[in-house]
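Please find one structure pasted underneath; my questions will follow.
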Amino acid sequence: MAIVIDMPKLSDTMEEGVIAKWNVKEGDTVSSGDIIAEVETDKATMDVEAFDPGTVLKIIAKEGESVPLGGKMAIIGEEGEDISDLLDGDDGGGKKSEPEKKKTDDKKEESDSGKSAKKDSEDGDSEDKDSGKKEDEEFDPLFGELEDDKKSSASDDEGEDESRIKVSPLARKMAKEQGIKLSDVKGSGPNGRIVKKDIESYEPSSKKEAKAEAPSGKAAAKPSDASNYEDVPISQMRKVIARRLGESKFTNPHFYETIDIDMKKAIEVRKTFNEMPDVKVSFNDMVVKACAVALRRNPKVNSSWLGDVIRRHKDVHVAVAVAVDEGLLTPVVRNTDSKGFSEIGAEVKELAAKARDKKLQPDEMEGSTFTISNLGMFGIEEFTAIINPPNACILAVGAIRDVPVVEDGKVVPGKRMKVTLSSDHRIVDGATAAEFLQTLRSLLENPMSMLL
Amino acid sequence: MSEKQFREAIREAMVEEMRKDDTIILMGEEVAEYNGAYKVSQNMLDEFGGKRVIDTPISELGFSGIGVGAAMNGLRPIIEFMTFNFAVVGMDQIINNAAKIRYMSGGQLKIPIVFRGPNASAGQLGATHSVAFESLYAHIPGLKVVYASEPYDAKGLLKTAIRDDDPVIFLESEQMYGLKQEIPDEEYTIPFGKGKIKREGDDVTIVAHGKMYHVAKKAAEELAKDGVEAEIIDPRSMKPFDFEMVIESIKKTNRCVIVDESHPFAGMAAEIGFIIQRDAFDYLDAPVQRVTVPDAPAPFAKNLFDLWLPDAKQVIDAVNTVTYRN
Amino acid sequence: MAKKADETFTPTGKVYKSTTLPKPTRKKHTTLGLKDEDLMPVFRNMYLQRRFEERAAQMYQKGKFGGFLHLYIGQEAVSASTVHVLNDDDDIISAYRVHGLALARGTSPNACMAELYGKKTGCSKGKGGSMHFFDVERHFWGGHAIVGAHIPLGAGLAMANKYKKNGRIAICFFGDGAVDQGSLNETFNMAQLWKLPVVFVVENNGYSMGTSVERHSAGQLHKRGEAYGMKNGVANGMDFLSMVESLKDVVEEVRETSEPYFMEVKTYRYRGHSMSDPQNYRTKDELEEFRSFDPIERLKDYILKEKIQTQKEIDEVIEEVDQEVLDAIDFAEKSDAPDDHELFEDIYVQEDFPFHK
C-alpha cells in the first residue's frame, strides 16, 4: 500500500519547511531509515528519512517549495501501484497541498482551524455593529483599565464616597450588619482607616444624622425610574419615634440581659383566675404586675438619667408598648404595683383600644418609669428593645415555648418564656439588672407571691 | 515525664524507631565515630554499629543521592546534614529526585527518607551559614517540611517523619539543641499539619515556628504587661500547614502577626498571609504583618546581625501596628 | 603553542573516532555461554528497540505527542547484552535515553509507546514521558533526566542490596556528558569506600549533546575510576558478543567481591541528541562509518553465518516486530489520557488542600 511522506515536525516551533534537496527521484527504491530529502526549517536544515521501504512513486513538492507541517512531500509504494486516490486534488506543488492539511487526522490542527474560523465570523459580526466599532476605537491596551475606572466612578456617584473610605474588612462587615453608614464614621486607624473599635464606639449625633440624610434624600429625589419606589410622607408619630428612639439607642449605652422563666405555675394560676366569672387575665397582665412588684423591690431600676442627677422614682408607672397602624404608643398604667391582675388587665385593654383609635391623651402616655414590650403573641422567642426615655430599662417579652425540661432526672414537657432587659448603663449596672430579672423570675414562677 | 534536651529528644526518636525497624539507617558527616557534630547521635554507633550509623565524606550531593536510591530500594534512611546550609550542594537530589521520582514513575515506588539537621542562623556565622530553608523546601511539591520549636514536639514529629513513606525535611537549630522540656517517657507521635496554640489570647494572633516561636513567646510576655494578650500558634509543620487553626484564631482576635526566620520575598510568611487574606478577609481589622529577616544575607558584625535577626521588639512593634496602638 | 592556547579554551575540531572502538571479540557465542536458541530472541529484541524508536520518531514528527524524544538507535547492543548478562532481579537505572533499556528489560512496547503518548496505560501512567520510563516490578528504576543526578541513586540501590544481603547488584548507566558532573566523583568515592556492588557504565556515544567527548572530557573516561582505586575497563558497545564478553566477568566479579566497577562502553548514536538536532557537529561520513558496524546487522550476519537461522526466518521475525510496533501505536492512540485527578495522585497532597481553591 502506498504511503504519503508528509512534512515532518523537525523542530518544536516549525510550521512549514522548504525542500532544500531531494536525495531521491521518482522510481528510486528506498529502505526504512534512508535520508530521502533535506528540509530547511525555521531553525536549521534537517534530514527527512523514510520510515517505510518502497519505491518513490511521486515527488509532490519540488526543491525550493514550501510545504506546511503535515503537507504532502512524496509518495512511496510498490512500483506500478495506483496512487490517484492519494493524489486527489493535489497534482504536485507544495503550496497547493494546503487544503490537505485540513484533511489530516491531526486533531490539534482540526481544532485550531475550527477556532480560527469561528473567530473570523465573530469579527465579521462585530464590524456590523457601530457599538462594537466604537469599543474598538476606545480600547487602549495600556490604558483600558484606567478608562474603565473613570467610567465606573463617574456613573456611580453615590458609591464613590463609600468605596474610597478606608475601612478594615471586619469593620466594613460590622457596619453593614448594624446599618451604619461608613461615611458617618470617623476612622482612628492609619490614614483614617475605620477599624473595629470605631464601629463599636460609633454614636451618631443628630447633626451627623441630618448630614447623612441630606445626600440620601438628594439621591432619592434624583429623577430616575419612579416606578421603583414610593415616597411616603413621614408622619408626626414616626418623627417622634425616629427622634426619641434614635436618641435613646445612640446616646444611652444599652446593654442586654436575658433570663428564661418557667411559666408552668403562671399558666395554672391564670387558668384558675380565668375560671372566675367576669375575670380575664392575660399573661401580659401578669408580666406587667410582676414588673411592677419587681420594680418596687429593685428601686434602682425604677430611675431616670437627668444628666446631672439620677432620679429614683417613688411611684411605679409601667408603660406598655402598643402597636398601632403608624407605629407604636406607650400608654402608662399608673401606680401599677398597687393594682391587681384584673385591674391592670382592664386598664391595659382600655388604653390599647384608645391608642388604636387615636384617642389617647398626652397625659396618658407620660410619666412612665418602666416600659414593657411584648411580642410573644407574634411567636417571637426573644428580642431586644430600645429603652423608652427617660426610663432606665425596658423589658422585651418573648413567647411561651414548649420545651423539654429535666425534672427529677426525667425529660418532661415544660413551658418557658424568655425576657430580655435592655438597660441604660449610666443608671443600671449588670448586677442590678440581673437582680431585677431574678426577682421578676421568682415572681412569675410563684405568681401567688405577687398577691401577698 | 522527664526533662530532656532537644538533642536528646531527637536522638530518642531515632533510637526508638531504629530499634523497631532495622531498615532505618542514619547517614551523615560525623554522625558515627565523632558522636555527632552537635552530639545528636551520641552513642548511636555503639548501639547500632557501622552498618546502620554511617559516617560519610563531605559529599552532600553524593550521600543525599545514595540515600534516595537506598530509599527507593527498601531502606528508610535518615540523612543528617551538619547544617542545611551545606545541603544546598545536594539540593538537586532532594528537589529533583526525592520529591519527584514517585510521581514520575506513576507511583511505582516510594521514597521514605528523612533529611534532618540544623537550619537557619546560629549567631555570627556569616551569610552562607545562616539561611532558613523552610520556605524554599515547602515550595516543592512532594516534600513535607517540619520545623519544631521544642523537645516534645521534636520527638513526636521526628517519629512521624521516620514512619512517613514520603521524603520529609526535618529542621532543627544549633541554638535549640540544649533547650530542655519535660517529655513523656511513654511512646507518642505528633501528626503533621496540626499546629498547637501555645499561648491563648484575644487581642492578636502570632504565628511563629521553630526558633522564632521563642522570640514570639518573649514578645507575648512583654505585651501582656501592657494588657495585650497574644495568642501564639506554633504550626510545627510547615507543609502540611494548619491553616485552619490560624484562621479560627483570627476570627477571635481579628489581627495577625507572622514571625518567620526566612527572607520575606516569597517566604512562608507570604504564603500564610495570602491564605489569611482569602479565608479570613472579613475578620481582619488590620492588615496582616510579618516579622522576618530582611531581604539581605546575614551579616557578620554583631550590631548588623542583631539588626538582621527578628527579635521580640520587632514582634511587639508589629503587634502594636495591627492593634492600632502605634 | 602558547599563543595558540590563548585563542581558545575548549579544544576545537575534534570528533569521535571509530578507531577508538576496541576490537570486537572473536569468540563464538558458545564460548561465551550462549546457546544457539539464545541468539534469535536477542536479535528480535534489538530489532524491536530500533523499530520502536523509528516509528516513535515518525509519530513525533507527525505531531502525535510532545515533549522531548531522545533516540537510542545504534546503541542497542549495550541494552541487550546487559539484560542478557544480569539476573532478572538485578537493579537497572539509567538516564534519559532510556527506551531501549526498558524494551530490553521486558517492558511491553504497548506500555512504552503509550508512555510516549502520555496515556494512562503508559509504563509510568503517562506521568513520566519519554525520559522517565519506570518498571519497578522488573527492577527497572527509571529514566532520569538531570544529567548525572541518578548516579548516586544507582549507588543507593546497591547500598540497599548490600544491606539486605539479597545477592542483587545494581547497574547504573549514564552518558559521556554525565562523567563531567560532580555527582559521579562523589558517588565513585563513596561506592569504592563503602564497597557497593554496583557497575557504573558510561555509554560513551561520542557526544555530550553536540560536544564531542574529546572536547568535553580531559583524559580517558574509564580512567576516572583510577583516582578512587575503582576497577575499570573499556568495552565495544557496537557488538553484542563483545559486550557479553566484557560484562559477564565484570558482573560476576562485582557480585562476588561487592566492589564497584566502572566500565566505559564505546558506542554511537545514529540520531541527533534530540529530535530537533541538526547534527552540524559531525559529518555524514562519520555517521556512515559507524553505521557500517551496526550491531543489529552484525548479529544478523553472525546468525546467518553460523547457520542458526535462515534469512527467511529472520524476515519473518522482522515482519512480526514491525507489526508489533504498529500495534503499539494503535494501542497508544486508542488508550485514554490520564484522568484529571491523576494530577494529585502519587504525590503527597495536604488533605484540606488550600492552594488550589
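Chains: A, B and C, in written order; residue numbering restarts at 1 for each.
The rule we apply is simple: a residue touches a chain if its C-beta (ideal position, glycine included) is under 8 Å from a C-beta of that chain, and two chains touch if they have at least 3 such contacts.
Since this is a predicted model, take the numbers as computed values, not measurements.
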Where centres are the averaged C-alpha coordinates, which chain has the largest centre distance to chain A?
-> C
Would you say A-B or A-C is joined by more C-beta pairs in contact?
-> A-C
For chain A paired with chain B, centre-to-centre distance based on mean C-alpha positions, whole Å | 40
Chain A-chain C separation of Cα centroids, rounded to whole Å = 63
Contacting residues of chain B [partner chain C, same complex] = 23, 25, 51, 54, 56-57, 59, 61-75, 92-93, 96-97, 101-109, 141-142, 144, 166, 193, 239-241, 243-244, 275, 278-279
The residues of chain A that touch chain C in their complex are 6, 8-12, 32-33, 43-46, 49, 51, 69-70, 106, 108-109
In their shared complex, chain A is touched by residues of chain C numbered 54-55, 57-58, 60-63, 275-276, 278, 280
For the complex, which residues does chain B have touching chain A?
-> 254, 281-286, 324
Which part of chain C faces chain B closely enough to touch in the complex?
-> 91, 93, 122-128, 132, 134-137, 141-144, 146, 149-161, 163-164, 182-183, 186-187, 189-190, 193-194, 345-348, 350-352, 354, 357
